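Labels run A, B, C, D, E, F, G and H following the written order; every chain starts at residue 1.
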Amino acid sequence: MNERTLITLLQRVRDGETSIEKALEQLRLLPFEVLESARLDHHRSLRTGLPEVVFGENKTVEQLIDILTALLHTPSVVLATRVAEDKATRVREQLDGLTYHPTARILTGNEHLASLGVNRGAVVIVTAGTSDLPVAEEARLTLESCGHPVQTIHDVGVAGLHRILAHARQLQQASVIIVVAGMDGALPSVVAGMTAAPVIGVPTSIGYGTGAGGYAALLGMLNSCSPGLAVVNIDNGFGAACMAAAINRRT
Amino acid sequence: MNERTLITLLQRVRDGETSIEKALEQLRLLPFEVLESARLDHHRSLRTGLPEVVFGENKTVEQLIDILTALLHTPSVVLATRVAEDKATRVREQLDGLTYHPTARILTGNEHLASLGVNRGAVVIVTAGTSDLPVAEEARLTLESCGHPVQTIHDVGVAGLHRILAHARQLQQASVIIVVAGMDGALPSVVAGMTAAPVIGVPTSIGYGTGAGGYAALLGMLNSCSPGLAVVNIDNGFGAACMAAAINRRT
Amino acid sequence: MNERTLITLLQRVRDGETSIEKALEQLRLLPFEVLESARLDHHRSLRTGLPEVVFGENKTVEQLIDILTALLHTPSVVLATRVAEDKATRVREQLDGLTYHPTARILTGNEHLASLGVNRGAVVIVTAGTSDLPVAEEARLTLESCGHPVQTIHDVGVAGLHRILAHARQLQQASVIIVVAGMDGALPSVVAGMTAAPVIGVPTSIGYGTGAGGYAALLGMLNSCSPGLAVVNIDNGFGAACMAAAINRRT
Amino acid sequence: MNERTLITLLQRVRDGETSIEKALEQLRLLPFEVLESARLDHHRSLRTGLPEVVFGENKTVEQLIDILTALLHTPSVVLATRVAEDKATRVREQLDGLTYHPTARILTGNEHLASLGVNRGAVVIVTAGTSDLPVAEEARLTLESCGHPVQTIHDVGVAGLHRILAHARQLQQASVIIVVAGMDGALPSVVAGMTAAPVIGVPTSIGYGTGAGGYAALLGMLNSCSPGLAVVNIDNGFGAACMAAAINRRT
Amino acid sequence: MNERTLITLLQRVRDGETSIEKALEQLRLLPFEVLESARLDHHRSLRTGLPEVVFGENKTVEQLIDILTALLHTPSVVLATRVAEDKATRVREQLDGLTYHPTARILTGNEHLASLGVNRGAVVIVTAGTSDLPVAEEARLTLESCGHPVQTIHDVGVAGLHRILAHARQLQQASVIIVVAGMDGALPSVVAGMTAAPVIGVPTSIGYGTGAGGYAALLGMLNSCSPGLAVVNIDNGFGAACMAAAINRRT
Amino acid sequence: MNERTLITLLQRVRDGETSIEKALEQLRLLPFEVLESARLDHHRSLRTGLPEVVFGENKTVEQLIDILTALLHTPSVVLATRVAEDKATRVREQLDGLTYHPTARILTGNEHLASLGVNRGAVVIVTAGTSDLPVAEEARLTLESCGHPVQTIHDVGVAGLHRILAHARQLQQASVIIVVAGMDGALPSVVAGMTAAPVIGVPTSIGYGTGAGGYAALLGMLNSCSPGLAVVNIDNGFGAACMAAAINRRT
Amino acid sequence: MNERTLITLLQRVRDGETSIEKALEQLRLLPFEVLESARLDHHRSLRTGLPEVVFGENKTVEQLIDILTALLHTPSVVLATRVAEDKATRVREQLDGLTYHPTARILTGNEHLASLGVNRGAVVIVTAGTSDLPVAEEARLTLESCGHPVQTIHDVGVAGLHRILAHARQLQQASVIIVVAGMDGALPSVVAGMTAAPVIGVPTSIGYGTGAGGYAALLGMLNSCSPGLAVVNIDNGFGAACMAAAINRRT
Amino acid sequence: MNERTLITLLQRVRDGETSIEKALEQLRLLPFEVLESARLDHHRSLRTGLPEVVFGENKTVEQLIDILTALLHTPSVVLATRVAEDKATRVREQLDGLTYHPTARILTGNEHLASLGVNRGAVVIVTAGTSDLPVAEEARLTLESCGHPVQTIHDVGVAGLHRILAHARQLQQASVIIVVAGMDGALPSVVAGMTAAPVIGVPTSIGYGTGAGGYAALLGMLNSCSPGLAVVNIDNGFGAACMAAAINRRT
């Protein structure tokens, strides 16, 4: 039952063609039937300022081309995450208007349609080491695509504390902070202890031995004593950006 | 080297009693020495609006009495979390002015000093089942103690979807949402799909078999497809409240 | 918006007091608001034949008395699972009409309201050892409370194959089979290889060393080569009964 | 001792050529010896309606050709699961009469011998995302090969609840439902809360970080609060189909 | 169908009262029906020399008394393992003829019926520390109850290698060796490197931190480079004794 | 200090050239110094009947050629395990006299030097599925190389019990039994329940989902209720053969 | 063969009563036989400066009294670790001369026999929180009992970096540093980045949710990027002290 | 604020151009700002004697060339660890002055600048098997690059105890010992029991089945009963070398 059907039903009630009882019976099923797929999704897009995002990891080249072709015709920034370099090359051979960002493994399109949100604070993205860059770049591109200003502080792991301490003022003035770290995942604890801004920790799968896969980093972040810190899945730069956007939207 | 010493040093430089070189040498150690414990902590308290909080789980009755006696003399709300009922009783036998909240396992004092933050949005706390109440109450009391208005929606797990759907409007108007859930931890995914507000998931250790300890709930939340969701440690109602306060502070 | 409000709205549309547009706006929120808690639950109860069930593990004596008092006044069998013996004693001191089943740790009431489903096949419950009895009894009482005939075969673990082989005919004639086993959890594989009936495996936490907690049994069942076998959570006799009831309902 | 020998023995008893005692002694070993491999397997095939199925994952091309050649000469549908594309190509170069289904990674033959079971209800297969398709297709092809009608509902994960809610009526009319989901595995909980039909959850290994391998999805399903849900191994679309067939056979 | 029925059937065939065909039909079910529980169990007891053993951990006092009363009337040694001290006391208050071994947590009876196997080699039981004694004693009592001579070497962990080296000759002359060790579980590796006798490793749950539960010891033993070493479950002294008895029986 | 030095020392004591005290001092260090590497290894080889075995997995082609060249000149069977096919090809291109067994991934040489042990019982090797063959073949070749007669029973998993039951007599007459099984690892339990011979379980890494890696099979075997069963590491066919040889050596 | 026997053997060689060959034969067994338990242990005690230490956790009161009575008569400091308070009370009721340290759960005796090592550097023990005190005290008492000077820095977790930074000079001048931390275990990383002294990390089991048991802290420490950091088992204050003593002994 | 700014500030205070109050305000921010990155790093390099080390695992060829070009111009040994052979080849094609060590996977440069520390004791590196060589070589090259003398003892696993016993004297004279072992990780326990020197255990990922990844070896080392043993991450030869250097620096 879509909106059109609903209007017809109400008209028939108004015109006495359908009894209250009969209308009631149909409306009882409404909760399960009335919602058109597209509408709610559009609502979410409007509310969060996030563009339509395609998760590319398990999609074939053909599937990507189909979806992206359609999205490029909408008046909205286009973003496809987790697209391996060879897949991206093959997509771009057949489809114009896409830019590939190899570190972030992201394809973007319609970039001119992104507009910076007015009066939004800055999202600061911090990384512990250079190996954490791909995840940080995934977060940065996602945020910038939906109009959030981003600042980055790279390679400031806790083995040399002075490196992060040097950025104290910037951290204190941030609207939201995303901290990307592998290995022991200790950096978000330290950052959250230096600022009142909400901190989103992103553990990365960078590490070896007991650190492989990112579980050590995840556990480190979940068990931090610092207040004002929450965590997303390992390597989930996109998820961290979504949380940051949800927070920053309202600042 | 505290502030007093620093002033003296500067006076001696001004008065020509200490050379620039000698002063420089002392100041080089400053990064490691100058910070008095209390100052930074006070800063954090001011910035976050969080009161001084005592983690009571591993403290003895004697330790609790010592610390709480001191805190009750400061002009600030007092909060001690994870205090078992029998410990709380023994503390209150020897110390006036404390209220015990048995579900939340929290001792509070100086409650009259809490003042509602002006123009702050509401933090909505949602629970999946009645067994999740202690964690939710820990979050609620922490937030209210530092002046954040809280609304609660209880017992709306996904086995009966209509229960949470009935609160859609409230969820869409929230400033921040904390969702507390054990078992499969599916509720935060559903809530995050219904709102643009940032959602903080708190897995609880409620469950049995493979759900014991809360790992199933934690994994469920970390792997949610819904955007705008981040997670804190299992049973960490206090940590969720701190993250919510950090977000809501700026609304 | 409950059913009463909906009728009023429709009446106002019929009587021309509310415009189609205005009604449409209110109905758009309907999917999230119209469902009253009780209705859908009653639906589920009718559909599945399962009585109202209270999960007693984390409930206080006071909470149990409140809920059970209310349920005893409904025209339906009452079932509270995972009620420890001392809690059950205290509940029954204050509330008449309840029977306690210590092995199953279940409180039942209004048992006379259970009526055997017509033309239903038998659910056969099989256990590997005597220690698996509490879980099997939880399943049996749940099924019998909603009118499913149950047969039991106890203590037929695979260390002595002849024991289960002796029941081949009974297994082949079952409508559904629940197999409860701890330790290595091998029994459901063997049973599923002997019958065409659907088999529900319930791993139990019976075991020690690497078998403690029931994970070995769970993994054994999930990795069975026998076709026609699915699994529920460790010690989840109630869940197995619900699955069996859903299957048997249609036979 | 095969059937022939048994008849001979009985004839000799009848004819007085073998004493009761001597026959008894031989029959004591019967439980371990009399069963011919083939017979019981045929029994199972007849009972479950499942065709002879070859698990192709660890078989060489030569082994597959040998087995499939033999099976194609039997009057029965042929099914080989988990056959990688390159292996399938090499098998089909040397063996006629096989069709390869790349998404499901299944080889089928003698498809004309499958006949729809009379009066059987529909098995509804639901997927959370497009990446879950291979597992769902493995289930669908298995079921259809043995005569069970299948309906599919794809890409209805819980991040957008309206998508699954739109299929409520179809879910309520299903005979059995298979829900295939990776990531947080929350979809089966939601589905089981919407229907009285038995639900079989299939966790998939789709996911990354803590979701990699499918354990998060498995735990989510095992810890669901929804009644009427059981689970099979990660990615085990074939096993889910077998369970569904065992249930649906009797409807 | 028990032995009595089988004889009757054969008699009827002999006497022409039952046709071959009809007898055949009944015998087809024989594999699943003919075995009486008791017979095979008696066989096993005779073959292995193991007495009837009761696993006491999850049995009530009443259950223990029932079973042990029955067993004490059989002409066989009686053994109940994993009987807590208080349970044992209550059993012995009501039942004569039982001895309790507190370290091994074993109840024995009819000890005079154990007879030393002729020409059997010695089973040597080695422990790493005094905390491993209960598991070692469970193994020793089990073995001695069924007539295997046992030698013990206690408290010879690898932190002081000279301690185990001093027993090299005894280890080289053993028929079978059981090595009981917690913590790092390194002792079985060292012992297996010093002897040609088969070595059975028993990890114990003695340890703390990462050693708690015995997993570190188990993994250490499973990954030993020493040839001639196999492992049983954590704390499974009884299982090690059964394996040793199976090996030693044939020496 | 080697044997030569020791003789010299004793001669000097005898001849009065070294005092008792001085000799004593040197001998105190003896435990750590006197053993020449080669001697003890030769002892072990003699005692166990195992040939010199090379673990090939992490060795380069060059290392393999060096070691095998040397071993081929000794009067002993040569065995190199876990040699990948391409490595084996390259070794054999440069070194004559080696045979490669691709299923077992073993290189053998000097096979004519293996002689069947007199009066030894048979080691029976049982597999659950065809995918378990490589591990079973590693065990078989190892045992045959050191003169133990081997019998094999393949593809008799518990999903069709009749298959293993048909071999009951052979299992009861075995000297030792090795059971190789992946997936749920249930077969060793069933076998151990059918025989008095010692059973060595070898879990294999065959499986998928929760069965991947072989942990489900390992746990299944460790938690078996059947007496007379011990376990080696996942996929460790060589280790199982060593344990079987140690047991069978004495029969 | 003890030292007495060895002297006799040498005397007989000297006196011509035993031939070189015969003596050689006996000495060949020497490596496995000659070492008396006590001697090597005394050696270790002298070398490491560690007193005789009793691990009290799994010992009964009677066992503790027996061992400690003996040790109190040796001219050496006595130390029993992991003695629960009630056990300690019962031991001290029957045995004079022991002091109980409740936080460290250690019994000491003969304390006057400890003498401070000359010219040894200081071992600095750092804790993250007050809950880590018991483990730190176990380390401190162990070290002081064998003459190592100890300094302590308590409650300096990374949530307030200024607290540990204030001790930079002390950390830079330490001979060895032990850092005791639960939760995220981030403190040792920070400390090791501030000093050139070797740092020993001790994870503690303090924490809840995913931090329970100390695994998060252990993983954090193992995956630290800071050079000069090694780790001991969870809660192993005694082991950290032994490592520190081994390092400091040589300074 | 760098050193230059600080001097200017002090001069202005001295010259009366800046008030005490204003200077104080600026200095309050000093702890977070004054440290230049480079300075502290240089300090650490001087203190530890470790050269600038590049972790090569996740760096691209271009990144490696940039960093190494810069480092080769400093008066210091250059070390890049975890550089795969093909990457090393491509780096050396474009950059002179580097040596590649394939077993250790290390690139070194400026080797002539390494000078042996005066009066330093020897670091002894022990391996259990030849597969542990890469990790041991990473440790050796790191130590030698910063002037620590290294001795190696290879292939002395505990399956043949005599092999390690033969090196007792060398172990007792070591300054520090690094023991590298995979599989069961038992060797460090044995070594630590033979010496008073501090022992650093390095578990390796060598192993299969339950030993894969190195967790069994790690757990074995963490649970050792031998005093004076600490552990680094799996495969972390570089970390072990850093700890050894920190200890040996002071000898």
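Side notes on the structure shown:
Simple rule for what comes next: contacts are C-beta pairs under 8 Å (C-beta built on N, C-alpha and C of every residue); 3 or more make two chains touch, one makes a residue touch a chain.
Computed from a predicted structure; not experimentally measured.
Any chain that touches subunit A and also touches subunit F is listed here: C, D, G, H. Shared contact partners of subunit C and subunit D, listed by label: A, B, E, F.
At the interface between subunit C and subunit F, over half of the residue numbers appear on both sides, which makes the contact a same-residue one.
Using the average of C-alpha coordinates as each chain's centre, A ends up farthest from subunit E. By residue number, the contact pairs of A-B overlap by more than half with those of exactly one pair in C-F, E-G or C-D, and this pair is C-D.
Note on chain placement: the centre of subunit A and the centre of subunit C lie 39 Å apart, centres being C-alpha means. Taking each chain's centre as the average of its CA atoms, subunit C and subunit H sit 58 Å apart. Measuring from the averaged C-alpha position of subunit D to that of subunit H gives a distance of 54 Å.
The residues of subunit F that reach two or more other chains are 31-32, 35, 44, 160, 162, 165, 193-194, 209-211, 215, 218, 222-223, 227, 233-234, listed in rising order. By the definition given earlier, chain contacts exist for A-B, A-C, A-D, A-G, A-H, B-C, B-D, B-G, B-H, C-D, C-E, C-F, D-E, D-F, E-F, E-G, E-H, F-G, F-H, G-H.
By the touch rule above, subunit E contacts subunit D in their complex via residues 3, 6-7, 10-11, 13-14, 16, 20, 23-24, 27, 30-32, 34-35.
On subunit A, the positions that touch subunit D within their shared complex are 29, 31-33, 35-37, 40-41, 44, 57-59, 63, 203, 205, 213-215, 218, 233-236.
Per the touch definition, subunit F reaches subunit C in the complex via residues 128-129, 157-161, 165, 183-186, 189-190, 192-194, 207, 209-211, 215-217, 219-227. Residues 130-131, 160, 162-163, 165-169, 194, 206, 208-212 of subunit F are the ones touching subunit D in the complex.
Remark: subunit A residues 31, 44, 47-48, 50, 121, 162, 165, 175, 193, 195-200, 218, 222-223, 227-234, 239-240, 242-243, 245-247, 249-251 touch subunit B in the complex.
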